[in-house]
Every structure is written in C-alpha cells, then in structure tokens.
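My questions will all concern the structure given below.
Chain lettering (A, B and C) follows the sequence in which the chains are written, and residue indices restart at 1 in each chain.
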Amino acid sequence: MGKASDSETTMLAISRRNMLRLGLVSGAMFMSAGSLAFGQDGSPKRGGTLTIGADADPIGLDPVTLTAYSSMDFTALIYSGLLRWTPDMEIEPDLAVSYEQPDATTYVFRLREGVKFHNGQDFSADDVKHTFDRIMDPASNSRLRSYYANVAEVTVVDPYTVEFKLSSPDAAFLRFLATNPDGVIVPKGVEGLTEKPVGTGPFVFESYQPGQQFTLSANKGYYEEGQPYLDTVVFKFYRDQATLTSALRSKAVDMTWLKDPRVAAQVAKTSPDLVSAPGQTSRTFPVWINLKEGPLTDVRVRRALSLATNRELCVQVVLGGSGKVGAMLPESHVGGYDGKSELPYYGVDVEGARALLAEAGYPDGIDLGEYIVVAANALDVACAQLLQQQWAAAGIRVQINPMETAPLLAHWNEGTFGTLLSVALSWSADADAILQRIAPSSQFGAALGIKDDELDKMIDMARAEIDPAARAELHDKIQRLIADNVYVLQVYQYPLRWELWWNYVDGYEPLAANIRSYVRTTWRND
Amino acid sequence: MKRLIIVRLAWTFAILLGVSFIAFILMRALPGDFVLAAAGTTSVSAEALDGMRAELGLDRPVLEQYLVWLGNALQGDFGASFVTHAPVLQELAPRFFVTLQLSLVAIVMALLIGGVTGLASARLRGRVDWLVRAINGVSLAVPNFVIATLIVLLAGLYFPQLVVFGYTPFAVDPLKSFGNLLLPGLALGLAVSVTISENTRAAVLEVSNQDFVMVARAKGLKRSTVLFQYLLRNAATPIITVAGLQVATLLGGSILVETIFAIPGMGQYLFDSITRRDYPVIQAIVLVAAGVVVLINMLVDIAYIRADARVRL
Amino acid sequence: MSLVNDDIAPVGSTRRSWRAQLRGGSVLLCVGLLMLAIMIVTTVLAPWIVPYDPSASIGMPLSPPNAEHLLGTDVIGRDILSRLISGGRTTLLITGIAVSLALVAGLILGLLSGYLGGIVDETIMRILDVVFAFPVFLLAIAVVAALGPTIPNLIITIAIVYTPAMARVVRGPVLSVKQWDHVEAARSIGVGDVRIVSRHILPIVASPVVVETSLTLAQTIFTVTALSFLGLGPPPPDPNWGGMLAESRQFMELAPITVIAPAGAIVFATMTFIILANGLREFLNVSTRR
C-alpha cells in the first residue's frame, strides 16, 4: 500500500538529519518516529514550552456544539475520549481500559478509575452518559447527532461501566469514538465549555487572546504516568502561509503544518534540522457535479469529462508529486484508494472523450459554464486551471469562478451551483462520513441530485459491515460504481497537513487524523 | 461656528446610520452565513444548521434583524461576536488599540523619513533634491502589500534570527511590542512619508522666503536656530494636517499589512470577520472605521472653513 | 451689454509662462508620457506580441528564465512574460475604464454640488461621505461575492470607490471660481448656467482634475492589484498582476522571478502615473495642496 511510501519519506527526512548530526548512515531503525524519540536519546526531558504555529482561530471549544475544523487543534489537547488512535491509526483504549462486544449491537466499556476533569471533578460513567445525552438532544444542534444516529441507548451499569446499545451494527461507531473531538467526554454539570473548556486531556486551558495566542498548561493530574512532558503549549496565530513559514524558519514557532506540499518540501530542504512528516494522504480534491439538471445529467458527458482528465499530471504539477491519484476514499480509510489500481474512465483518452461527447449530441464540444472553486485555496485554484486546459483539449469548456468560502459552501450544501464545483474534504473519522456526501438518501446526495438505489444500499451495507476486509471490499465496489458513473470526479489525494518541526522537538507523532494527540508524548531536547 | 458644528454632528450621525444600514443589508444579502462558514466541510445536518441559525436570530427577516441591532446599538449594546460569544466592544477594543499603535508607528516612521528627506531636499537642493524625488517616486509606487511580502520573505530567508513575526501585547512588554511593529510600520508608512516629504519641502521653501525668517537671519541668529525655531514651527502645521488626513489611508491599508505580518489588529479582524460572516463584529468595525473617516473629514472641513473665514476678514 | 463680453474669460492664466513651465515640468512629463506610451503600445499589441498563450501550461512549473521562456514559468508551467503582458492589458483596462467612469461621475456630481450649492450641495456631499466612509474592502467583497469576480463588476466597484474623491476635487475650485468677478459678471449679463459652467468654470477646474485623474490612476492600480492579491480579482486563468504575485510568493526562494516580475510590473505602472501626475502638476502649475 501507499503507506509504505509515506513512511519512506518520513524515514528519509529523519535519516538525512541524523546522518548530518550523528553520522548515522542507516535509516532502517527509524521506521517509526516513536522509536526515535525513546530509543535513541534515552528518557524524555521534562519541562519547557512548545510553540505551535496555527493558521486559524478556534470557533468555540465545546466538543458537542463546535463545527469548525479549526477548533479541533485545541480540543485535541484539552479533551480525551473512551478510545483514541495510535500513530498507525489503530484504535486503542484511552479513558476506557477495555471494551467488549457481547453481540453485534452492544458495546460495554470498562472505564479508567481515578481520572479527574481539569476542574477537579471525578470522571465516571455518568459523564459518558451526559455527553451522549447532550449530543442526542436536538436543542444542542450537535453535528455529532447524525454520526451517532445508530446509538439507541447509553446505560450506566456502574460508576465505571457503561453500555452502548446500537439500533444496528455499525462499523463507524468505534472510529467516531476514537476521534478527537467526535468521541470526547465532557463533564456533567459544567456549563460554558464554548469559552472555558474543561476536559480530561493532557493539557489544561489557560488563556486565549484571539488572533494572538492560545495557551495551555500541563495537566498535573493526567492519568498517563509521567505525561505530558511539556509544561506549556502555546499556539501562535499566523493567518498567512508565507508568514507562518517565515515564523517556523526564525524559530518563532517550534512546529507547524503547511497547506502546500511543494512549499513544505522546499522549506524542509532549507535546513537539515527541520523534520518533515507528510503523514498519510487524508484529503481528496473532488469536482462535485450537479446531476439535477443540465448536460451533466447525461452519463456520457460525465464520462467524457473523466476521460479528458489527466489526474497524474495534476499530481505532478500542482502537488509537485507529493500525492496520488484520488478516488472517493483517501487511502488512510478502510478500503481507501491506493492511487494506482485501475478504475473505470481513469485512463486519459481525449479522443474517447470527444467520441462520447459526439454520441451525447455535442460533436462540436460543449460549454459547461461556471466551475466554482475556493478562492482562498491556492492549490484548488491551480488545479482547476489545469483541469480547464485538459478539458478544453477534449472540447469541454468551463469558466473558473473562484468564490469566497461561505457562499461556496452554501451552493455546495444546497446543490445550487450551475454545473461543477470543487471543495476538498477534510479528514473524517470514518469513510461513511465521506460517502454520506454523495449517498442518494442523504441531504447532501439529494442536493447534488444523485439517484442510484444500488449505491445507497451499498453505502448502508458498508457502514454495517464490521469485518474490515469485507468492508474494504465493499468500499472498493462503491468507488468503482462512483467512478463508472462519474457521480463525482475525483482528481487527486494528498496529506492535508504537511507537518514540520525543528529536531529539538522529540517524541512527536503526526497522525493521519490531522490532530496533534501526540503533543502529550512530546518533549524538548535542547 | 457652533451651529455649523451641530449641523455637522447631525450629518455625521446620519452618515453612520446610512453606512451601518448598507453594511447590514449587504452582508446579509450575500450567499452563505456564519453557521455555514464555521462548519466548513465538516458534515452538519440541515436541521442542526437551522437550529444554530435560530439561536443566533438569523432566521428572522433582515429588516427586523436590523431594527433589533439598531435599537441595541443606540443603547450602546453592539451584541456579541458569533465566534467567541464575548461582547463585540470587548473583542474590538484591544484590536483597535493594536491598529492605533501600528498607525502611530507608521506615522512616526513616515514623519521621520518624510521630514528628513523633505528638509534635505529643500535645504540642499540640486542633486539631493532630485535623489529625494526619485526615492519618493519609488516609495509611492510600491504598494504596501508588495513591500510587506518582500520583507516577510527576505527576512524569513536571510535574517531568520533577527526578525520576529507576530505581535507582543503592549501590556506584556511595551518595548518589544513597538519593536514588533517596526517593519509593518515601515511597510505602511513609506507611502505616507512621500506626502510628508513633499509638504515639508514646500513648507520649508515657503517659510524660508518669508520676512520674519529673513529678519531673524539678519539679526545674526545661528542658522540652526533659525531653522528649527522659526522654520519648523511654522511649517509644522500643514505637515500635521496632512499626517492627520493620512490616518484614514492607514486604516484602509492595514488590512493587507496586518494579515501579512500576523498582527492582530482591526484590519485583520475585519478580513476574518467577513470571511466568517461574524455579522455583529463586521457592523462594529464598519462603524468605527467610518466614524474615524467622517470625524477626520469633519475636522478638516471645519479647519478649511475657519481658514477661509480668516482670509475673508 | 456689448461692453461686457464673456469671451474674455481668463481661461489660461498659465499660458503666459508656457515656455518657463515647459522647462520645469517637461522632463518629468516627457518621461511619464514615454512610460505611458510603452504601456499603451504593449497593451494594444498584447495579443500579437505575447510569445505563448498566457493561460496554457506549456513548460515545467517554476523553471528559471531561459531562451524559451525569457522570464521563466509560473507555478503551473505557464510563460511568465506572456502572462505579464496579457495581465497588464487586464489591469490597465480595468483601471482605465473605472477611472473614466469615476471621472465622469465625479465631474457631474462635483459641478452640480459646487455650482448649485445649498441643499443640493449638502445632499450630494453627504451621500458621497457615506460612500467615502465605507470600507473599500467590504464593498469589493460584497460585490464580488454577490455578483461574481468579473471584470465589469470590478470596474463598477472601483468606480464607486473613487467617485467621492473626484467629486471633492471638482467641487472645491468650483466653489471659489463661482464667486470670481468674471463669473458673477457673466451671470449678471444673463449668460446661461450651461455656458458659464462650460466656458468659465470647467477650464479652471480642468487642471487639478487632470492631475487628480493621473494620481487616481496610480491608486487604482494599487486597488486592483490589492484586490487580486486577496483573490478578488478577475477570474483565472486570465492573468493579472496581483494574482500572479499572490500565487507565486510562497515560491520566491525556488523561483524569485515569479515574484519579482509581477511586482516590477505593478511598480512600473504606478510609477508611470505618479510621474505623469507630477509632470502635469508642474506643467499646469496646479498647487500641491488639494
């Protein structure tokens, strides 16, 4: 799988730096960054401050009500949930010590004892129930309610045992629980988490000056022995990517992530002391299609569009090769696309595209009108221009309309765009959250005008399939079906966050989940 | 005069009312709103979005929303930011202070650069004059965001240890706070320095030819004494007027410079708030920005009228 | 009646020192005009002189200047020289039309306001104050977000933004000229308003307006490029200088030319109008203060 090549890149970055600093030649022993942290320099040092460069302010810090992706950078350090992700994206217990599954729809969690919230309150099964009560209460307007739609009942068995009863088998359930902040626990009887978050995580909210900095201090009573190592974590805000890059270079921040893989690769090259970790590909660049009306309701026109698209060239030019050809699911998901296998209408065939167009009644080519893209995302705008040229070669003409984010989202959510619209998806805990974007029975699929009972049935089946191998197979079929009908035109996939940090920061692990959970094991080696 | 000021103040109020109304209607007429912008690409169900809108009062008719806002604003309540839930004025005050601080640094920079070059070109004439005019031409022709971009890139590349990006709050370390603003202030103040340089030059030339300077010089006073005591004191008035007028320009220019230099001022806040559709904040910033512009205009107008009246007498 | 003829209006008090003026302002004016000529010629000839299709990716991305691509290629492999020339066309087109519109609107409003005075003056000026006080950026975002980032929309936005300043520049001289003896004399012998304005007031107002227009052109180039820099410019793939700067500035280290070329073009264009304004100011003997 493509995972190997990603860790190869990580490995290369680390080994190069070690060659220079320690004279080590072989990089094989540094397969994972974790072994590097503890294996080589001995025990972690305590204390110090880690400064992280952030590019957006949080919008609310209450995990139940927040919707903004930018908030999750902060909640990831403040809260913790029953389960969590390992660096290899496996699920492991966190606030739970273990769980068992007596039948396909029942999960029983044994909770960790002696855990305290940041306000001193004891953590118990009541808090778990309280959290899910809040999520399920329509008055909370929680986005998580639809994620946990299958949860029928949460029962407190005893103070340290809690039972979840699902209405049907659900492969996504545990993955949502493991994801921060989708599955984190909030304390019972505490209000105003939006401004004053209280969790069980490794760091305690200290202060926040909007646009300036966000300060966290170590949770002295954190339940993982000895962790966290750092005293303080400070986020500093740099809206502009170029300034963020300069801040990293000048060591005004110790760690950050950049949006553009080409820039990240270039920055990493400037100093041997910079560690760069692209992470797994977690984001795809799709072209959403209006299937409700117009020429694109004809599958032949859509197939022509797909045949005219040179995906590999987009990867090379726009991402500088730091990505892969994409399908509906990025490869970090169960059954995600590896970027290499054959998919219907993925080969570049300009003549074939013209022939399909002629067959559909457009022998002289076709004008598809506006193609809307996110103006603020330089990568998207660059790729759109490349696609425009590729499509034009096959006689498909579009006019690019770079749009401000808020109206673009309105058009996308409500399906009110003319023909084509691109907005990349952020990382989701489960493949199902991505597939819901085109599931005919979901509000999003309906807005796009996708009508396909088979697809709907397969998406439902995939979510209910608990066996990973069987689920992967289903996901493969779904992606083929989507590619065959070109319900959405996927171009490429790439790591959303290309993380970079100075090599005196040790013990950190980037996650494909795009959250910085491993700041808890991070320490400064200077 | 008093009547004039009262009439002008009434107009100012009317203008602010007009600006606030247009801004309100314009922002809400745009597709996309706060809850959508906040959710981004995270899947949020339509019901949850509607629920959030109802909580913020965004489900009511626009005119009703405006009247509610206006009613509260007239009582000094500008609402709470959608993003932080804190009162808008409490959010705005520190950022206004930062922008003021930045404008101050820019003005001081501009006065220094403009004053020195203007004085030099007026006193030394000849080649220096041409050199100054050439420098001024370039300073005026390079947009502040181009300078800012170049500074950030070059500093990041070649002087990474010297330049610290971001902002240190004044309360934490006043010296560092101003230090952080030097480069952004330079980017912002360079264009203003040209106006000041030209005005200084003109004023110095004009004053030099006036009788009292001649008299002072004839009395045998030292050159420098004449220059600074008589010359500058008399030339200062028009220069300060011009500098004051430039404050409006600075407020407008601060959006790009603050964004590029990561300075949490009002310009950056406006940019963010428009992107996020944080309506209460946008309203407040528009009012403050318009208020400053109108106030300065009013002062300048009154100053002109007074000057005119003096001439007539 | 025949003794007082309004034909003797002092149209050009400056004409007396025509030669002296020419000597003082000629150098700047000539340089300005030359630069303007270069820009206009490149703009007009743009479709014929661009080496490549400015929107086509034809080379390796970010390649340095070479024989094939004199200024190298941009982030997705397009010829920078072609984009620069073609982008200049867009930028100057927007600037030119927008400023012309602002000029016409400013002249009409300024003349009406200054000449009629009273309640008309107050109303026009206060409405313009509202426009003047409105943040440019908010207006631009609103127009672009609501109507789309097309060239006509940009032109209208910028014209609206610069109308108040233009109107003010016109109104000032009109207010004082109106009181001048020859104008009052003309009025007293029953010369019509239109004739007074066109024969007596417009010529006096013309000089400061010409200078102001040139300065506004420079400022407009700022505004157009700044808006494009923020992604509010004309839609891609049509090149524009601000957009070129914005999309390439992160790659300055890899390919400095991608940043220097558009930055240089912006500076050249603004410089042209500033030099022209200064030359005109000296040539027409317009006082520095507005």
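The working rule: a residue touches a chain if its C-beta (ideal position, glycine included) is under 8 Å from a C-beta of that chain, and two chains touch if they have at least 3 such contacts.
Quantities reported herein were computed from a predicted structural model and do not represent experimental measurements.
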- Query: For which chain is the distance between its Cα centroid and the global protein Cα centroid smallest?
  - Reply: B
- The pair out of A-B and A-C sharing more C-beta contacts is A-B
- Rounded Å distance between subunit B and subunit C, as computed from the means of their C-alpha atoms: 23
- Approximate Å spacing (C-alpha centroids) for the pair subunit A, subunit B: 39
- Note on the structure: Note: subunit C sits from subunit A at a C-alpha centroid distance in Å of 47
- Item | Per-residue overlap in subunit C, given as positions that touch at least 2 other chains | 141, 145, 249, 253
- Which residues belonging to subunit B are in contact with no fewer than two other chains? 30-32, 149, 153, 157, 271
- Message: Where in subunit A do residues touch at least two different other chains?
- Response: 242, 245, 376, 404, 406-407
- Message: Which stretch or stretches of subunit B touch subunit A in the complex?
- Response: 30-33, 35-49, 51-52, 55, 83-86, 91, 94-95, 149, 152-153, 155-157, 160-167, 169, 259-262, 264, 268-269, 271-272, 275-277
- Query: Which residues of subunit A touch subunit B in their complex?
  - Reply: 57, 59-60, 67-69, 138-139, 141-143, 145-147, 194-195, 209-212, 236-240, 242-247, 249-252, 376, 404-411, 413, 423-426, 428, 433, 436-437, 443-444
- Item | Footprint of subunit A on subunit C - complex, ascending | 55-57, 61, 75-77, 141, 144-145, 148-149, 231-232, 235-237, 246-247, 249-251, 253-254
- Note on the structure: Counting only contacts in the complex, subunit B reaches subunit C at residues 11, 14-16, 18-19, 22-23, 26-27, 29-32, 133, 137-138, 140-143, 145-146, 149-150, 153, 157, 198-199, 202, 238, 252, 255-256, 270-271, 274, 282, 285-286, 289-291, 293-294, 297
- Query: Contact residues on subunit A for subunit C in the complex?
  - Reply: 241-242, 245, 260, 262-263, 266, 270, 317-318, 320, 375-376, 378, 381-382, 384-386, 388-389, 399-404, 406-407
